[in-house]
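Below are structures written as structure tokens.
In the two assemblies presented below, subunit A is common to both, partnered first by subunit B and then by subunit C.
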Partner chain A sequence: MTKEVGIKDISKPSKQLIKLRLEDLMKLPPPYDKPGEEPPLTEPKEEWRERYITELDGYIAIDIPFDKPKNKDEEQRLVQRFLEGLKKLLDKENNWTFLQPLLLSLEYCAKCQTCNEACPIYLASGRKEIYRPTYRSEVLRRIWKKYLTPAGKIFGKFVSGDIELNWYTIARLAELAYRCTLCRRCTQVCPIGVDNGLIAHEIRKLFSQEMGVAPKPLHELGTVQQLKVGSSTALTPEGFKDIIEFIEDDIKERTGKNIKIPVDEKGADILLIHNAGEYLSWPENPAAFAIIFEEAGISWTLSSELVGYDAVNYGVWYDDVQLARIAMKHVEVARKLDVNRIVVGECGHAHKALCVVADRILVDEYNIPRESCMPILWDIVRKKKLNLDPEKNNFPVTLHDPCNMVRLMGIVEPQRKILREICPQFREMEPHGVYNYCCGGGSGFAIMTSMNFPEWRNKVATRMKFKQILTAFQDCIDPSIKKYVCAPCSNCKGAIRDMLDHYQATMKCGIYYGGLVELIVNAMVDIEEPFIEMF
Partner chain B sequence: MPELEVKGKKLKLDEDGFLQDWEEWDEEVAEALAKDTRFGPAIELTEEHWKIIKYIREYFLKYGVAPPIRMLVKFCKKEVNPNCDLQYIYKLFPQGPAKDACRIAGLPKPTGCV
Partner chain C sequence: MLNALQISSYVSFAIFVIVVLWKFIKYATMPIHLRWELYPVPHEPEHEHGGSFFEYQNIWKLERKHDKMNELKEMLEEMLFIKRMFQNKRDLWVVSWPFHAGIYLILVWMALLFVRALLVLAGVQSLLPIADALIMITGAIGVIAATLGCLGLLAKRVGSWELREYSAGVEVFNLLFALVVLLTGLFAWIKFDPNFDIAKEYMLSLVSFGSYPMPPLPKPILIHLILLELLFVYIPFTKLAHYIGKYYTFHKVLWEDEINKPGSEVEKKVRRCLQFRVGWSAPHFAGRTWAEEAINPKLDVIERWKP
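Let's look at the complex of A and B:
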């Protein structure tokens, strides 16, 4: 056994605070209960150690160079910048989103540790101290008390506990803010509502807004690229239109239906915004939406304007300023099109960004109704606006709940009511609904694919979800039985795709994945060929 | 950062082996990228590989992204081999369309929720 890591160890110079070992990780159900069934862990390359922060656990989320200070002066300047950022987080003028819950969470945690057992990352890692939801919060709390409160400045560790703010602390804390998927399961079980997920989020904010430190896929290639080019995927409006044409042809070929996908139609009831990743990686998802909405006679449109065809708002994971910029763009597009409401497609974090967090900035004429697609889809199925035959979906199906839809927004029933109606072999994962586990790709992890971060995601962050999926299908785990994980969220789909690939679970267990609307279209009586192509 | 030497010129790659500057690409660069074993097994480029690489490259120059995989498969069925499906593409490019085909075609690493 290695020695337990304490809070103050985060400040101590050492090559790596912890090292994961395969044998310590949470055990998986059959067929992964035998050694050799999953790929081994790898060591970070030596050259990465020079350029990036490998001092936490050897994995790299912050894929931009983070230079070590060359002398005490430089280190002191870094410390000062960090403290300036922390002051802003705790200041009404500078933290317009989450000041109150942050302060309450910093002040009132009773350290009962109830939350730890709710955290999929802590459990999956084999209970590594640094992954406790309370570990990073306590580090921040001690820094705050020691350096920014009068009592801490005078009495030091007697009020704050021991912590030293130096390069090691700052660098490791930056990485540690990206060892939590912001699923907020810890918050849900806290007896007094302390939000450790929020604290992880606020640390990310400090690093991004104050120090210019954020993973490239979220910032430079994410929000910055989206605002400039139109989409975080780099898809341009012309590219978007080309893919729409392709989807129309594809629908015709596969279903015989002539569907004209409405783009930029002024005065439609609904502006539907998909995560642009769908167009590139899963075009069958926007295709299925188009088929369903057209058949059901919904008045809707897509937008081809910059940002209008990409629902993503990665700002929600790390930077309030970027969040606000993108949310404003979404609403401006809707206003120009004069629609009654915006409906977000199968994308969890876009639900959170546009329907919930953006509420703080969308007032007066900008306060356009913003909704989830789930209730609309259930309404279409419930009112039998489509002719569906459940027998066409007669294979084992389970449902992955995106955290932002269930735990954050309470949208729990519509999606499973649909599945109960159209999938005879639907079975729940345990736990599910508001008590679900994150896919492991939450908060940006699904798209952070630099260097060895995917390994950490597949081994630790998605491990609990993989266990749940295997457990839900234990009665039919034989690879000859094809089964479907329904994940109505682009990010979750990306994480599940990578998980199935990492563990070779499609080959070994016959597990496939996809969205919800694909299952609806797959059940449509007048479409002869299966819409879902796992068969 | 990793570098790739082609015709005496050192080209910058990102940590996952993608060309930093897509404009530096030409066919010789593609050959060098395909032979580089630091980011995956070496690939001997055949005529089938080239058809796919050129298609991806042209689509990228036009629209700024790689074509959707579904579109790529359709193209391959028509232009490369009537039996082509995603598995066939994986046979040509063992690490898949993104990690191998796009990388060799000199595209930046795919971004966003793809």
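Let's look at the complex of A and C:
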């Protein structure tokens, strides 16, 4: 058998390494099993081809204009910069953060390809070679061996395999690092524990930390903006306070409850940090938290200080130093407020960044306890601190497991126990829990909306999740039956929102989405009007 | 008096042990890395559903409990049966498992030869029949299984596009080398040493440092022995020694979930790493230590990506 694209093709001059075709993509369940039910694929615009990297698959994740080398000298300079970055990835001072896991994954992959069938992107694309989890890893591995190891220099391609490092390789590899959601399902099945997701993560770091190259929504408009103005959404402390007032008014209007949301209250038990995207796109989520925490008598506060009101930490996807900088700001805010612990709201990557990955960055006075909102919510429901009537949630509900919170943190049951308690028609997706599929918005994809990247996300990255959702609701797929996908994560919600919009699934299938706390408040007996609006 | 062949046997074994140890030490002495665990983590009491201590409140005050038995079970299932490949890549497992299981049996066979030699030196004759029987079983099954598995792996590596395309020449060579050693061993066993008597005597001569004479070796056995010694020297330098990587990936990355508690060893290690200098060249760094870079960010960005 021969395939259209092999490893060494990454360095071959061509307009585009592969081209996606709708008919090759993974088939979807009814009603999307018929032709014409989903929008077609589009071609990249010609002007994009001149300014950005379309040489991989025609889609653009890195939305910084790229001046392609005009001569051999410029190309050689690019190659040298790349190799400098690669050396730093393998250096203990520059990459102490992930040196050991990276080197293990570079050195010991047996190329058995056991991981492939675990990858939702590879499967959804119709098994396009470049999306195979081992493809980008093998490209990087070959470059490392050929150019940086004594064995590669002595024995050549006998040990390194065939690869050439030129600007095509570098440019395509930069884009290819953003064709993996870092969900790490592939690592779960690897007999050796090799982590192809980590390799994608490290390639992103190489480009960001050595060359300053990363998608703008992650870097310039993400971590940099967050550190400068307080939030990756550009929400300022003043804007945040205005929104809190709006949310208080909205709670009053929708529930009749007079709730004063605590902001900057020193000495509270909990500093609750939400993804600031919630305040702008889904204010009902922080509103629901406020209602629940106040009714349950929790000692808590929000922060209006710079970065303190935005839990996101995009650094976890592409840049370790940016990760450290934001994590430091989060704990600094908590320290000033003298809280006992930081609790992260419904945001998966913020959970992982602050509770897990940054755990080994924070020392001394910065080492403040950090945990998830999920066990607290379950505790409130379990101890019946709220008067809940499950009948108010008597519609089909399924649960999406955010990878960062579930597979990468092991928070599996609290959210399920809540749903079993308050949603009579709760049903699981398959597979679920730690074996779930990514929403397709992971690792920054949900917020990367430049040019045609959303099309790739909707067609390829979220396709498996869409299939899962449709399958979970096949018994009630008629649009007249309102259904709810519970996604307790802001980025997942963003990806699911765009997916439902792209496939017009709310209109065609009656599928809605939202968080977990909204369902809890929706079940509260003393709130007369439905808190969740499905119309 | 030891001859050149016996000395080379000691040397090859010593090189094997030293290089494997060096590789273990290389990984063991790397800086502590950021936490990167992946669930299910088998030592978690809630491992049945893939849960962790994060499912509870006030985790910093909780006394962590570890299900060491389950971790051992998971580890043995993976080591002995290659569970993940069995579940996810059955067509490769049917050749990979016999190869690995055969190698394990051959290693047990070697260990038994060693123990038998000690028994002879200690004059414990009564246990020799049991040792001989076990040597026969492990040696025979081991070499047959490993040879068949190796043949199958080689066929897959060369015949399957997805394996061949991703393999460098050395990966095929590794299997070929192992196959040649196994085939010469198989031939030597069947044709010249069906009861492993020569193997036993040779091991005795090694264990006794030459007090017991080395048996006369037919040429095929001599060739096999030399190749086996070369393989021993070769393995630790190659990916054939992936057991080293497997130990670290599972125990020190995927299942490593130790919390950085104030005053802990972890915190001390992290504090040291934060004093490393950030040597990355992107415009948002100023060449200071990790701690300084984290506390006082420089936030320059590039407008265009230029070569």
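We adopt the following convention: the second predicted complex is superposed on the first by the 531 of 535 C-alpha atoms of A that agree within 3 Å, B and C clash if a C-alpha of one lies under 4 Å from a C-alpha of the other, contacts with A are read in each partner's own complex, and residues count from 1 in each chain.
Following the convention adopted for this analysis, a contact is a pair of C-beta atoms (placed from the backbone, for glycine too) under 8 Å apart; a residue touches a chain by one contact, two chains touch by 3 or more.
Please read these numbers as outputs of a predicted model, since none were measured by experiment.
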Contacts of A:228 with subunit B and subunit C, given as first, second, both or neither: second
Contacts of A:486 with subunit B and subunit C, given as first, second, both or neither: neither
Comparing the two partners subunit B and subunit C, which touches a greater set of residues in subunit A: C
Subunit B versus subunit C as contact partner of A:86, first or second or both or neither: neither
Touching partner for A:212 - first (subunit B), second (subunit C), both, neither: second
Touching partner for A:361 - first (subunit B), second (subunit C), both, neither: second
Which superposed partner A:505 touches (first subunit B, second subunit C, both, neither): neither
Contacting residues of subunit B [partner subunit A, same complex]: 1, 14-16, 62-66, 68-71, 108-114
Touching residues on subunit C, where the partner in the complex is subunit A: 27, 30-41, 44, 46, 49-60, 78, 82-85, 87-89, 92, 96, 160-163, 165-171, 173, 239, 242, 244-246, 248-250, 252-254, 259-262, 266-267, 270-271, 273-274, 276-285, 290, 293-295, 297, 299-307
Subunit C contact footprint on subunit A (complex, rising order): 1-3, 6-7, 62, 64-69, 74-75, 77-78, 81, 84-85, 88, 91-94, 96-101, 103-105, 107-108, 110-118, 132, 134, 138, 142, 145, 155, 157-161, 167, 184, 187-195, 198, 208-213, 219-220, 224, 227-228, 320-322, 324-325, 327-328, 341, 355-364, 367, 369, 371-372, 374-376, 379, 406-414, 433-435
Residues of subunit A defined as touching subunit B within the complex: 48, 51, 63, 217, 221-222, 225, 229, 231-236, 238-239, 242-243, 246, 250, 275-281, 283-284, 310, 312, 347, 446-447, 449-451, 490-491, 494
